[in-house]
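Across the two complexes that follow, chain A remains constant while its partner is chain B and subsequently chain C.
Up next, the complex of A and B:
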């Protein structure tokens, strides 16, 4: 395995051996370790001293189920802290096939420029090779136009990562885009503005051709295979992850009705926990709408090769043509309930625009919600929302402002109801109605992030027990355990959705650990999971503290402490001492 | 003396006795003590829990020379930390005459509204009285129109404080405006966005009619008189502060040529320390230009009754009519050299617009510089700069963005050369060319602020010795001493410009202390000055730390560490340990 460094100051690259400290890490463990070790915490995120690190997970590129995740990490332009944002795409699998443990993009050209880094396998030399090619023909364009052009130029078998207009403009809400299974620009390391970190180094796309590459080395194949089978069995058995189960049928948007029922679906910029139009934006409505428009039932598809959960959906126009993929729960909510919009066609168009420009749908929806609160456009006006997102693609002054994210728009318009933590927009779970996820939002090193410690599993879904979502009791310890376990899962390269199955089915959990042991030759037990996860979190936390993001930033926005949320009329009542305990006790 | 509280939630008021802890404080000492004690550090600056505190200095309202300062304090929308911003105006003297030690504006109406608080002296009751009157007729208008209307309504003898359009829009760059000697809207607590804190409480103006009010009680008149005379003598003797001396002749803009010569005049968004057009924007050019246009020499005037330094100038149009007052060094630089603009007529118009809308000229110039760097308009284009400031008054999307200040504009446009500390734009001294002032910018509780510890005195002006501006040696201790002394001076109600005289003339320093002893009945010696100042700073620091602004924020922006500044080609090379020592050693 290699550490591959691209120095964009002079467009050179070098290969380094993997240091012992990174040998048994992958994904988030690798990105956060390198950012912690090499990036000055007080650097400007778009300046020459930030670095963008890509790392496939430990088992990414193997036959492990649902393990096609790629982690991207850097100092975030959105939060000012460390960021890891992972996505499912064949791109990470291609990178792993080149035996690259970490791809580090560093340095900055003195003149603004746009380049493609083309990674291939140098068969005679037995190592990866990089060439840099001008990318100006792809600049200023819709990613739905650009991706086919890239595939035309580099061949049908390549994988593509890059940024869109949002990154070119330097938006704090600019994701890194990866190809999906149909070579479309729809898979995202969405959160934290990493697309702008890429663009600020003069890099527009990273194209990987893994032809002839050796693939991932597995230290103990039989151990790996045994683990893989245990995990596959668990995923195929669990109601949420099994074929034609909840996720495969309705997608992640199955959660819309569930959270709405629980009074925890943030509505009209977090002014209510229930949306009267929820049902028409839910996974069930997507499934039924597609059935009506296509004349047949459509189950969901994989985001990357080898995923057996297959939760990615597609929304179709009235004429049956594809409108967009995919309408996730988070996207449907952010651009739906949070904006008071109840039309799936409007929501689909908003998502399509986010994909076209390279924007995070959660941050975009959060931003529109605050803009609506400020009176820029009315709540519920889908056509006006579409026009605002189009302005983001055009780079008008208003578009640039919106591209800077929710907190900045709140600041510019003097709004006090701004649902962010550490500068990042909250996802689709109301912390006043689901206290544990609020603790995760408040304390995560990532800013408000549901995936950092998804306590929704026990608080709402009854996975690994069932807890009262309105009670703060015991939730700090719960969030801590989930955050540590998640940091481990994010390092394996598995999709976080394996958590449903492995938390309920012990052999599935063991299978995940055994897969890692098989690849690495380690002898980890279940007990190592939280330990390894906590070590990663401690590095992230240390980075943030040195960047000036200490425990005073582990707090909910003030309005959630004095505005009771309908329908439960609860405020966020988790005491500060409980919030502080989450990281103090690692 | 009273603590007068205006509760804007229901437009009531109450009078409290002054607690012992505030008895011997004034100005900044009072505002920072109350903000520290009563404002939750993590509150939203524009939300219901912030408070805006006004406090005249200890000797404000007496015959002490140059003592008409009023301090305004709150949690700042610009920096997120504590803010004290003082101005010279008869308004503070009127407030002192009502025997109000602190006016605390608190609470927030549930419905947006605009009110005038009318403060008078209730002669029979022997205490201040407040009435609240609708202010809607003054909303959305130029302050040059509104002030005459207020004087027409409330009488020629009143004093006025309030906010302009900038505050109504909630800009982080919205100052609090006070009347000048001609009842114009030209005196400002400019920094930190306090105008928006006022407006967010539904308060548009505070009009004071001190008719019949008893004035300031002086405990020991002869001691006061003795001190006063010593200070007057020092001010009349020192070259900088004497009549027809530097400040009285050329105004503060006398510094333009001096700093340009020293290579420390930030030019075109802090990309150089020398501006080829400096001379035509300097105090000498103002004096000569006025002479030419008026046909006579024009010396400067006082900003408030009883000032004997009299540094406020006026700029006139070619036809001899008044264009604006006043063209300060900071304003001339921010809207001049920092934007590459060398026309005093353009600069005057930009200042006039800032006064009309209620904007801080320093933050406005910093913002324009970064917008120019981002390519929004070209450097040096005065007409385009005027159009941008007009947009700030109109509240267009771009105008609102610009109203949010330099750091936010830098963020929205992805600019890495953003000259701010703790979110506040740097004033007119380049920290790479004058290291001590850089330490003040970095470590001050206020964000980048020259008035917080004006080491320019010894580093550039040769006041209290002469130090090498390029050397970082000993500058941490220097900044610490200046910051503490300044906190004391800001509490007395004296203009900071007395510092030139009192640092060079020992009897002047003693006079300042004796004036305070005379008013309060205390027995302070010179040694108490730094002690009292340090106590104020420690409260401010504690507030900031609880607001999440710790020592990691006591840093220069990163570009100043790697971009050498012409002409000296120096970077900011003060080590972090020296920066940390400033507050660690109080």
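Up next, the complex of A and C:
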């Protein structure tokens, strides 16, 4: 395998052997290790010294189920700390097929420009090849226009990653876009502004054609196959992940009603835990609405080849035409309940605009919520929200302000209720009503991030035990364990949603580990999972501390400590000493 | 006593005529529990992974009170 470096200062590339220290890592383990080792923690995220690293997971590109994840990592323009944001797309599988362990985008051109890096397999030389081509014709445009043009130019079988207008404008909110299964611009490493890190290197798109590439080498194929089968069985058996199960039928927005019922669905900029319009924005409403508009039941599709969970939905207009894919839980909430908007058609249009411009839906919804709080537009006004997001795509002064993210908008308008940690907008779980996830938000190296340690599983969903969400008791240890396990899963290339099955079905967990052993030739046991995850977290933590983000930043916004949240009238009452124990006790 | 109940996701077919987001009302004898409510709805206990009573998850033997609002969920997950 290779480390492939693109030097954008002179548009050259080089291939390096994978060092021993990275040999048994993948995904987040690789991106965080390289950022930790090579990026000066105090550099400007958009300056010449930052590096953007892409890494497929350990089993990405193999027949392992639901393993098409690609990690992107860099110093974040949003948080100022380390960032890893992963997405499901065939792009990561293509990169793995070229035997690239890490693609490192570094350097900065002296003159502003926009380029496509075109990666192919050089058959005679037996290694990847890169050509750089001008991309000016794709600049300043809607990604729904640009993607078909890229596929026309580079062929139907390629995979595409890149950035949209949000990246071109340098927004702290800009995500990295990847192709979906229909070659559309809907899969995202959304969080942390990585799209702007890409654009600031003069790179607009990375197109991969894996024709003739050798694919992933598997050290012990019988061990891999055995592990794969165990994991497949667990995913097919578990009620959440099985075909026509919860995720395949209702998508991730199946969570809207349960968080609302638990009083933990952040509503109108985190001023309540219940939204009266929840039911009409939930997964059940998406399923029923599509059925009514299409005249048939529609089950969800995969984000990448080989996913057997298949949770990605498509929302349709009243005339039955496709409006957008996909209405995730986070997106439906951020642009729905958090803004007081209860129309799925308005939410769908807001998501479509985020995809068109290359924006993170969570940060966009968080920002709109604070702008509504400030009185820029009223809560619940879907048409006005659509106009504001259009301004973000146009790059008007207000649009640029909104593109800088939730915390900046709160500061500019003098708002005290600003739901961020380390500069990143909170996702769709109210920490005052679900204390464990609040600990994850506060202490994660990523800023407020639910995926970093998804304690929602036992606190709300009854997966991997049942815990009282309102109690802070034992939750620091819980968050620590989830954060470490997650760092490992994010390194395997598996979708985090396998956790629902493998936390309940032990053989599935073992299957995940055995797949990795099969690919790498290692002899890891379940005990190694937390150890390896913790090592990754320690590197991330060390980077953040050197960047000036220490434990004093592991705190919730102050309003959550004094403003009781209806309906349970809870404040965030986890003591600082408990928050500090999460990393102190690794 | 009368309680208000909503079924979600895969459980919706046990109350197929109730519109999304609306409550059904159920009359139960005094002292009835979450289990008794599930039985009256013909929802098998193993299918009800989480039962909320007035916004708090409660076990099957939890005694219900008049006017309680109950939300019943099968195993679900997302993020």
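We adopt the following convention: the second predicted complex is superposed on the first by the 586 of 586 C-alpha atoms of A that agree within 3 Å, B and C clash if a C-alpha of one lies under 4 Å from a C-alpha of the other, contacts with A are read in each partner's own complex, and residues count from 1 in each chain.
Heads up, the rule we're going with is that a contact is a pair of C-beta atoms (placed from the backbone, for glycine too) under 8 Å apart; a residue touches a chain by one contact, two chains touch by 3 or more.
Please read these numbers as outputs of a predicted model, since none were measured by experiment.
Engineer: First (chain B), second (chain C), both or neither: which does A:158 touch?
Structural biologist: Neither chain B nor chain C is touched by A:158.
Engineer: Of the partners chain B and chain C, which touch A:116 in the superposed model: first, second, both, neither?
Structural biologist: The answer is neither, since A:116 touches no partner chain.
Engineer: Per the contact definition in the header, classify A:454: touching chain B only (first), chain C only (second), both, or neither.
Structural biologist: Second partner only.
Engineer: Output check: A:257 vs chain B and chain C. Expected answer is one of first, second, both, neither. What do you get?
Structural biologist: second
Engineer: Go through the superposed model and pick first if A:416 touches only chain B, second if only chain C, both, or neither.
Structural biologist: A:416 contacts chain B only, not chain C.
Engineer: When the two structures are overlaid on chain A, which partner does A:557 contact: first (chain B), second (chain C), both, or neither?
Structural biologist: The first partner, chain B, only.
Engineer: Kindly list the residues of chain A that each of chain B and chain C touches, one partner per complex.
Structural biologist: none
Engineer: Taking the touch rule as given, give the residues of chain B at its contact with chain A in the complex, in rising order.
Structural biologist: So the residues of chain B in touch with chain A come to 40-44, 46-49, 77, 169-172, 196, 200, 376, 396-398, 400-401, 403-404, 408, 411-414, 416, 418, 545-550, 552-553, 555, 557-559, 562.
Engineer: Help me check something: in the complex, which residues belonging to chain C touch chain A?
Structural biologist: 6, 8-10, 12, 20-21, 49-50, 52, 55-57, 71, 73-79
Engineer: Which residues of chain A touch chain C once you look at their complex with the stated criterion?
Structural biologist: Chain A residues touching chain C: 238-241, 246-247, 249-255, 257-258, 261-263, 278-280, 282-285, 288, 311, 329-330, 450-451, 454, 456-457, 460-463, 466, 468-470, 496-497, 500, 567-568.
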